[in-house]
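So the structure is just underneath, and the comments pick up after that.
Chain naming follows the written order as A, B, C and D, and within any one chain the residues start at number 1.
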Amino acid sequence: MYQVRTDLALEAREKFENDNVEVKGVKVKEEKPGKNMTVTKVMIETENGAKIMGKPRGNYITLEAPDMEDFDEDYHREISRQLAEILKELMPIEKKELSVLIVGLGNREVTPDALGPRVADNMMITRHIIRKFGKYAFGLKRNHQISSIVPGVMAQTGMETLEIIKGVLKETRPDYLIAIDALAARSTKRLNRTIQITDTGISPGSGVGNHRHALNEESVGIPVIAIGIPTVVDAVTIVSDTMNNLVSAMETTRRLEDIGKSISCLEEAEKYELIRELLSPNLNAMFVTPKDIDESVKRLSYTISEGINMAFFPM
Amino acid sequence: MYQVRTDLALEAREKFENDNVEVKGVKVKEEKPGKNMTVTKVMIETENGAKIMGKPRGNYITLEAPDMEDFDEDYHREISRQLAEILKELMPIEKKELSVLIVGLGNREVTPDALGPRVADNMMITRHIIRKFGKYAFGLKRNHQISSIVPGVMAQTGMETLEIIKGVLKETRPDYLIAIDALAARSTKRLNRTIQITDTGISPGSGVGNHRHALNEESVGIPVIAIGIPTVVDAVTIVSDTMNNLVSAMETTRRLEDIGKSISCLEEAEKYELIRELLSPNLNAMFVTPKDIDESVKRLSYTISEGINMAFFPM
Amino acid sequence: MYQVRTDLALEAREKFENDNVEVKGVKVKEEKPGKNMTVTKVMIETENGAKIMGKPRGNYITLEAPDMEDFDEDYHREISRQLAEILKELMPIEKKELSVLIVGLGNREVTPDALGPRVADNMMITRHIIRKFGKYAFGLKRNHQISSIVPGVMAQTGMETLEIIKGVLKETRPDYLIAIDALAARSTKRLNRTIQITDTGISPGSGVGNHRHALNEESVGIPVIAIGIPTVVDAVTIVSDTMNNLVSAMETTRRLEDIGKSISCLEEAEKYELIRELLSPNLNAMFVTPKDIDESVKRLSYTISEGINMAFFPM
Amino acid sequence: MYQVRTDLALEAREKFENDNVEVKGVKVKEEKPGKNMTVTKVMIETENGAKIMGKPRGNYITLEAPDMEDFDEDYHREISRQLAEILKELMPIEKKELSVLIVGLGNREVTPDALGPRVADNMMITRHIIRKFGKYAFGLKRNHQISSIVPGVMAQTGMETLEIIKGVLKETRPDYLIAIDALAARSTKRLNRTIQITDTGISPGSGVGNHRHALNEESVGIPVIAIGIPTVVDAVTIVSDTMNNLVSAMETTRRLEDIGKSISCLEEAEKYELIRELLSPNLNAMFVTPKDIDESVKRLSYTISEGINMAFFPM
């Protein structure tokens, strides 16, 4: 079976919904915690479910906020608050004092990929102060030790992100890792409007910059919470989607009827291969992103960092 | 006649070449000034030529350097040198002392659109020194007064770029304006490999950020030299190109023969409209760009600023 | 009379307080609008007062918030709110719809001087939207047209800041100009803790970067509100202050008594000249700033932009 | 014995020269490799020499280039070339293929401390390519594997720089580490004009940002070459120097004769203590830097990165 690339479990699931298929080993739960906000939990519970979904077992929580693109401070604060609640469900933040390393993945110099580094820039960092001045430095109920790193991308460092992170973990031994990353979505309508939080870490090949290695409990030895926002669509995906729309349209348009029928006889994979061959050879190394991506990344990185700060340091 | 968007005269011209049409009022001259480098001059000489090409009358000089993406300092210095030569042809740099305003168009915060601002950052600025300390401040043969501005984009300033530039021109009265801008190309294979220099200024709707107003001698009162490098392709163009490739492929592939025939019966404009309707509604506000655009923009902005510096201050 | 450089009217005034002198033509009023916050209004009402204070006639309102350096969001929101109130006193924001140009003065590339540009980056810009979509684009009670510009510094542009601003004003004709600038204080203890708002604009020679020309109603033709935060102390001032402390100490220290007496016999101006001669020649082009200036500028620029946004667009 | 802070061995040595003292265990050699350029080697050979100089045993090579502040490309290329030669003396670059980690120390967000990060940004990174495509990827005589990291500062990461670097070293096991850092000088006249290269690594307390831990062969297990440029002077130093100048001046000025005599009776340490007490309490956390530090850091970071690139990849 062919799979157009998406980093969102929600989109992977939707595919089957469209086909009216129930996927065994995958549960879905939807909530509306606020006006104009949807939280969907996709729980992949069995290996079979994981195989079908093309994603590892675990919890994928998606916060959809269609107006996230607008400048409305109260709405953004509410998103931050929801994000904080989700993080508190996935980690024992309210049960004990944790040491947490925040990892801002991505390339600071490429606007849609700068989300992770920018979130890291806005974190409330406490580890060095608590280690120097003791637990009561802040006078909080729980003194979580927060540290953060922006490892950069391989073209800048010559090292795998995983090498850098594993090294830092060995030296500083936190309890949890939270990785923030810009994702690739299947559809432009999700861009900058969706936050995915998962306890399965980062899969190989996900993110705007295509990490080669997984960043998860198996690879680094501690639980990895990943927070992602789709900021780009693969260029190949855009073209492929249009083709599919075209075929659908043809099937219902008299004049194009015959064409449509013939194309729709092609297998999915055949169609995909056809498109891939026809694409200009560089298109695999390209992404599609909105022209005002600077504004979106600026606002969203602030909303996410606020959410994480709220989870650990409630005011 | 429908026109897929390109800011490059070379690409506009190529369209007709493919059709084996000679365009009246348009002359083309090609040179190979160095290994792996082509300079093409498209001279649009009549109103008729301008109409057919969809570009104003004037000279469009394109420097193609296929290895511009590589890191080879000598090659880049040679590109800078060629750029300097072209500028000296278009402006009386070696005949008299000029006062020139360099305008770095585009949005500094969006990587592929940051080319103009970054070139401006690297300019050798002399106006304030010559005005303060006199002509002999630098002891050069010709003491050109160079100033520069990065006007930002409308979403940041609330003002048209043209308003800002006209204001600055009124106060400082330079002889020439050089505008540097990131462009949209028709084909991904031109990205970051082509420099277009023209004496017709910037047309409305060109550039990554879609300027609403023309920036040319007519609108600002002094000659405007524009230097552009294509760093993005419109998302719509990518899809449209693939469709065309598909149709060509179909016409020659047995199995898809009938489909191909039917689609190729559609008029160009019909096909384009069809695609446009099928595209997701946001795609117009999106662009396609390479994942390593940060490296390209960094290197190219340096190559261009060096070229301009060489033109005015030969060492 | 010699004057060590300060951009703060409050500090200019204090000098005389220390000497127990009442300055004719200068009124001072102090308020405590909140916990840990002082608002002082220095009104220079006559030419004589202006001469003595070394500052033009007008209102100088200083908001002192000693904990501004701390990270306390509620405290910062309260500072923003106070700033909004002060702006509403100085401009008819609640009486009519205004067109206002925000000018972010200073050098974005030098951390303590980046305050103005960063405030401009965070402004809610509305002019282009209201002009395009009409008064009801935002559905607010008053639709103020906000635009903004970051003119850069002379070493970057080759132009006087005043030339750029005058040009932009001629083209866009706003009613008011708000200039934000990083200031030089007399004392390190004021750094990053004080906001000065004045209706007299920017004086020549003020700011971290030493603007050569005044930016005020006289020079630009519309009222200029200036918002400044001291982020540096002149290097010369630091040395001079220490000398004065030394002398005071000497006068009361037995062992150094004689020395102290002799030095204190020197006239103020003589002492200043003496110091100036002894200083290394470059010191005039240097400033003193805290090592964590990056954090302060980041936080303060946000607090100020929030204050301005609140003044024009109350939520 | 009291020591005003300097990170430059040259300045530590000069102190004794002024006193006409020969320091045992310390050798000094001076060369003039080019017009307007001096290379001084201070070799601290014994523990005694180390104690007196306040610096660990090893080689300290200082490249002084008084015109480094000017914009002269040829001069800067010559400085890069000299730096490359010095690096080739300190490391077996021409004897075998090395794996080298470049560490850009300092705070990217504070202009004078951004030198290290900016040098790292411009490095030619090869490790990932050689590891993926093999030794002959570049077709060079020696395929050195260069990687780089910008660890940030403790306020940003919550971690000691040393923790991050040790972790990365454990995972990637390079042969050498090159650390680039902005330094504090004793005198403003050295700022941005001097490059110190040493094989002793970074001492605790050096650099603009005051690293707490040493970064040297002892602490990290591989040889550490440090490259530093002084970009700031400690605020305390500036004041102290002026005081000393004052005293000298007094001793030779009739009118102030008596004062001078009395002050000069004070011990060095007494004078220093006196000054320290009189300084405003925050001054320890402040630095002095030139107003045009942005231009200097931009240019110098390029000159240094070129030098390192030349050392490893001669063209």
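In the analysis below, a residue touches a chain if its C-beta (ideal position, glycine included) is under 8 Å from a C-beta of that chain, and two chains touch if they have at least 3 such contacts.
All values derive from a computational prediction rather than experimental measurement.
Just to note, of B-C and C-D, the chains joined by more C-beta pairs in contact are C-D. Where chain A touches chain B, the two copies mostly use the same residue numbers: shared numbers make up over half of all numbers in play.
By residue number, over half of the touching pairs seen at A-D are also found at B-C, the match among B-C, B-D or A-C. Work out the mean CA point of chain B and of chain C, and you get 42 Å between them.
Separating the centre of chain C from that of chain D, both taken as means of CA atoms, is a distance of 35 Å.
Chain B has residues 155 in contact with two or more other chains. Taken in their complex, chain A has these residues touching chain B: 107, 109-111, 155, 187-189, 191, 208-210, 235, 238-239, 241-243, 245-246, 249, 256, 258-259, 262-263, 274-275, 277-280, 282-283, 285-295, 298. On the side of chain D, the complex with chain A involves touching residues 121, 125-129, 145-150, 152, 154-160, 163-164, 166-172. By the touch criterion stated above, chain B contacts chain D in their complex at residues 71, 73-74, 124, 315.
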